[in-house]
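Paired with chain B in one complex and with chain C in the other, chain A is shared by the two complexes that follow.
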Partner chain A sequence: MRPTEFAYHRAETIEHALALLAEHGEDGRPISGGQSLVPMMNLRLARPAHLVDVNHLDMARIEEDADTIRIGALVRHETYLTHPLIARHLPAMLEAVHWIGHPTIRRNGSIGGSLCHADPTAELAAMAVLHDARIVLASTGGRREVAAVDFLKGAYVTDVQPGELLVEVIFPKPTGPHVGTFDEVGERLGDFAIGSFGVRLEHDGTRVRRLATVCGGARMVPIRMTELEAGAAGQPLSALDPVAFGQKVTAMVSPSGDFRASAEYRRNLIGELASRTLQRARDQAMGMK
Partner chain B sequence: MKPENPRHLGARIQRLEDPRLLSGRARYIDDIRPNNCLHLKFVRSQVAHAKLLEVDTSMVEDMFPGTIVFTGKDTGALSMKAHQDYPEMQYAEQPLLATDRVRFVGEPIAAVLAEDAYQAEDAAEMVFPDFDFLPVIATMEQAQDPALPPLFDGWKSNVWVERQMAGGDLAAARAGAAHVIRRTYRNQRQTGVPMEGRGVIAEYDQSMRVLTVWSSTQMPHLVRTYIAEELGLPESRIRVIAPDVGGGFGVKGQVFGEEVLLAWCAMKTGRPVKWIEDRRENLLASIHARDHLHTLEAYVSAEGRLLGLWADITVDVGAYSTYPFTAAGDPGMAAKVMPGPYDFQAYEATFRGLASNKCPLGTYRGVARPSAVFSQERLMDDIAREIGMDPIEFRLKNIIREFPYRNVLGFTYDPGSYEESLLRMRDLLQDDIAAAKASRTDPKTRIGVGVACFIEQTAHGTPDFTRRRVPIETGYVAARIEMMPDGEVLIDLGLQSHGQGMETTMAQVAADALGVTPDRVFVRHGDTSAPYSVGTWGSRGGPLGGGAVHVAATEIGTKLKLIAANLLQASPEHVELADNRAFLRDRPETGVDIGYVARSALRNIDRLPEGMSPGLAAEASVDGPKDGTYSNAVHAAVVEIDVPTGKMKIRRFVVVEDCGTIINPLVVDGQVRGGVVQGIGSALCEHFVYDEEGQPLTTSFADYLMPQAPEMPMIEVHHIETPTPLTPLGAKGLGEGGAIGPPAALANAVTNALDFEVRETPLTASAIWHMAQDAKGV
Partner chain C sequence: MKNKIELTVNGKGHALAVEPRRLLADVLREDCGLHGVHIGCAHGACGCCTVHVDGAPRLSCLTFAVQCDGKTIETVESLGGTDATHPLQQAFRKHHGLQCGYCTPGFLMALVPFVDAKVREGTMPPEAEIRDAMSGNICRCTGYQGIVEAVQDTIGQGLRSQGTGQ
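This part shows the complex of A and B:
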């Protein structure tokens, strides 16, 4: 369990990093917290010949403008737990972050690293999908933005091309009153989830303006339940029926089973979590807490 | 028996080794760095079962000049031989490096030796074995399928051993039974997972012809004997040292082929050779444990008395027989201990060990008893449910009360507190039992209470191994003690302390006999320079190691009293040794420093009584009693189940234990709690999984799930002390007990919560959810 030989490059600026990644192409990999990449290298599942250390780049800020929250690729998971912009605009994310790994992982892991690793049930990938986030990828050729759902292509597969660096994730701000919830079940605290569900509910105090959902563990990437989202829009909050919602989710998802959890269990678990997250979101929106 | 009025025995003192261990100053195997050392990386089989046609090493020579590769062609017939001399047992050896066949994923095929560990790992990737695939035995059903060929040439079947044990008249028990209750229970395969993996360094001094082997082992003397016999070396010229060992749990209580191979490599190359096991190797190829399937049938009278028990025990032992406890060890142990703490006199058991293309089974904390107790105690609950009795009442009706008790197989149980510990536990659980009852109608949250009552045969003596005809052969522990001229004490202990706190407990024992404080006793262990002993395993350190220290120290203490009496002009029976002084019992102010007495024995020997020889050293060995000594305990789990998700929380875990004389309650508490955590891992999450091709699916900590702190409840430990007359201090073994009860207690708690009989582990969220679905009324 020792990595293959690699060259270490410390990038001093984003331009420097992009030049190094351009130079090394397929053989180059950026590294920040190393919480996923280093174990993969030790297991020799990843064999980058060149590691470009991006920890010193100016990409560790959370900023807002009128319509968006922009999270720099180097922002560490634990940052969200105390950041006022997250609590105000992305409450589901605040709940989701509590489920990420252990304190050491939350201290070192970065959003750029987590999204590029693309574990099927990673919490931040789910949050990017839930919030219609856009992923900003830079290269020596310029920048491009990719919607989170298009960025996550499969288990451990993303849209990042050789020479590209994830520099920022743009989360649209919700408009008007909103609530967000997230829940998951894993075998142990800190494990990747067996199933997870997140809800973002924009409302006007009585009616649903917009419902967004994300479901982890049903497929190799987090998915949206778009049909259910569309059906909820415009409904009175009091008409949201969490139990029926959960049953519909159970009927709609078709996860696979493995030695750890059967497909039938996963299906029902995801439905149950959908029901619980929707119920909490609805109760919060109705001021019931 | 327990010594009278001890000063240090039984004291709750903090561990003397902890400052070293907790401040990063321990010295583990990887901290030992000989000069000019070669680093060894194993090439291990990636296929479960195949003929090994050729091992192509030409790329290594091309790409990594100077790197040395050894294969089975070089090591030839050198092998691990672990045969239990049962007439039914089929014999097989494991070559140090595979010669013509591989039988599990992880089996060593080649050893690559390079200047550093990175290069060794790079070069190992360039060794290409060529295989001719063979059918894989991946399940118990396949191992018993006569259509599938045996794993070893000349074998009749894939059954290592199948044998019977019996006592009493089972037909009469069956005939007299009002209830016949038959159940099948299953425990999953797991492994032992010490925090530090295995590791070996070997160095051969050509001028002195001395081989030194450092190994992260629990049994240095056995490693020495095996290497000497296998490599044809004089045992006097081999020294095996186990430095600080970062956890053993029985995993390191075998002699491994890797240890013999490293010694061979050091002699072959003339250079020190080092191998540090990585986590993947440790999970794949150290030893595995559990993997039991038991079918039990109980015969119960109308009044709820257990009349007899029939048992059929199957264990998937894997590809090879491990030394020194063999492929018959786990299945035989399960059959032997199945009668447990209950009073009945008819029993028949068949036990079998199956061969499969999986990592060999070895000893892991509890050794078969967690599985046996799981079945035994699940059955007790299932019987109680079926005949409509309270599970604790049913146990109390059948518990053994009179000692010594001769059990159905002829084993004699020394005195314990079986009934008292059950009664104590019942009192402790009153509120939880009420809460569980109140939750019965709750569709969402269920509370359950489960107990497991068990005994543990510990400190097995030589007769037990003779009876089993097992290569361990003997069970004694020895210690040599020397007092220095300054009154400081050195113990060379034939054990290895890897978490047991022996540097403290053995010092406490010696301190009482020598009249010194424990901080003046240096306990040296894990080194074959101590007198020959079998090592630390089988819960023998306290009763036998402590016993040997007590006997040897008492001999020195007696001499100190004679010398002091001469110095103080008094008779020896008036002299007392305590607080680093020798003084007159009636006039404590009249005395001398213990160092003065010691100096009189070693330096100023003109102060010795007439005719007395100089010297303050003694050696003693203590063997286990004929049938061992039986510790007992009751474990209880209180669980809360979130029915819709299957998530279970352990609200409470309670242990009432009796290990006889307690040397240090802090150490006992630590041992019990550590064991319980491992037992909870067995019950809930630890699962080593192979697919149908014999490919392992759980080869890192991302997939092999260890119990973690957030899931752990507070573990309450209550003590009852029933000293045994069979060991010098009255102590019984307690190192393993903590790991034995949790699977049964937790499964009984889930059974209670869901009103549904749990038949197997692990109790994952998915498994619990399915049980809740199948249960009536949830």
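This part shows the complex of A and C:
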């Protein structure tokens, strides 16, 4: 199929883009890489009357300050694979990016587009939730920050209001030694996941300082296993039991079944992925790789 | 409403008036007469429509032609013409890398930059890396093994001709 009619506007500055989005309100949509929006338009699931092309705006940088990594909305997925700030501060993200689509999609897709599309098992949405990222939304009325867990409201539903543009994603830096892992299973390499799990482990060499988790496929948005996170804090690294952890995750999640996988398969898959990602994180933290 | 755009396609300038909703794939096929651009799924799953925009592979079914104003585009026709003389095309023929051929232009446009990069680096990639490089393209005839062999053969030829690798 092909898209319905729309008017095309090429934004030259962020202010220009915000003015266009304010003017067109509900009928306007920003487009960056188009790797999620254009399929939706081709299938006529999205029918924006005005498309605001933001690809030429100055939003493609990864920058750091004392406490945060700031990722511009137009940063393309493949950028993370070779970026030293990501390898140093967000290792789970480095693993997750390998699972996003295919090379051509990773070259063109942007973090702003992926988060605003909000597929339930999208890797970058999971990374935003895992790292307690804050989403920066701009409009002609100013800027606001939303926590990733509040930004993602449901399958393909976000907190973006008409006239708003996602301009930046702020990831807090870990404090002290840390490791991160991510794993997923899909039908085909590059397809959206049936289930996924990510772990971020801050430690002091012998004990867990802080455990963060993210689980994809259990609900319509990525979720944290906050109870298990709290239980791990302060424990010796050697006391982390990946098998028991996986079993607890299996017992706690209640995913739905669909044409790709039954609920039962998905529940057990998520538990197994939780076990594997925690084991790798623990072994890395203990210097066992 | 139509927008005026200028594209450089396979080295030739095209001044066109296009509706914004028209996909680059459709404009290349219908307005530029380049029928080597194949459309499989039109939602980014099959890779058939891969072309190069300013030198890098891009899915022309997920790109509006109006976004490409002023850009340089190469299609499969730029590789080896109707005789398919490009080394990777020849290797596809030799290793049974195609049967019906519908997906072949997409595979070639996705893989030629990969092959060139590996030859420049002077390394033969492991099979898993080749399969990752072609993971965005679907072939329903070959089972992919012939395509992997064609890529290995072409990189091997490139490495030998510049005196690097095995």
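In this text, the second predicted complex is superposed on the first by the 289 of 289 C-alpha atoms of A that agree within 3 Å, B and C clash if a C-alpha of one lies under 4 Å from a C-alpha of the other, contacts with A are read in each partner's own complex, and residues count from 1 in each chain.
Heads up, the rule we're going with is that a residue touches a chain if its C-beta (ideal position, glycine included) is under 8 Å from a C-beta of that chain, and two chains touch if they have at least 3 such contacts.
Everything numeric here is computed off the predicted structure, so don't read it as measured data.
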| item | value |
| --- | --- |
| Touched partner set for A:43, first chain B, second chain C, both or neither | both |
| Partner chain in contact with A:1 - chain B first, chain C second, else both or neither | both |
| Touched partner set for A:261, first chain B, second chain C, both or neither | first |
| Partner chain(s) touched by A:189 [first = chain B, second = chain C, both, neither] | both |
| Which superposed partner A:269 touches (first chain B, second chain C, both, neither) | first |
| First (chain B), second (chain C), both or neither touched by A:51 | second |
| Touching both chain C and chain B, counted on chain A across the two superposed complexes | 1-2, 4-5, 39, 43, 189-190 |
| Footprint of chain B on chain A - complex, ascending | 1-2, 4-5, 39, 43-44, 185, 187-192, 194, 259-262, 264-266, 268-269, 272-273 |
| Interface residues, chain C side, partner chain A - complex | 1, 3, 19-23, 26, 42-44, 47, 50, 56-59, 61-64, 66-67, 110, 114, 131-133, 135-137 |
| In the complex with chain C, residue positions of chain A that touch it | 1-8, 31, 34-35, 38-39, 41-43, 51, 53, 55, 101-105, 107-108, 189-190 |
| Complex contact set, residues of chain B against chain A | 117-118, 121-122, 125, 278-280, 644-647, 685, 687, 689, 697, 700, 702, 705, 707-708, 710-711, 764-766, 769-770 |
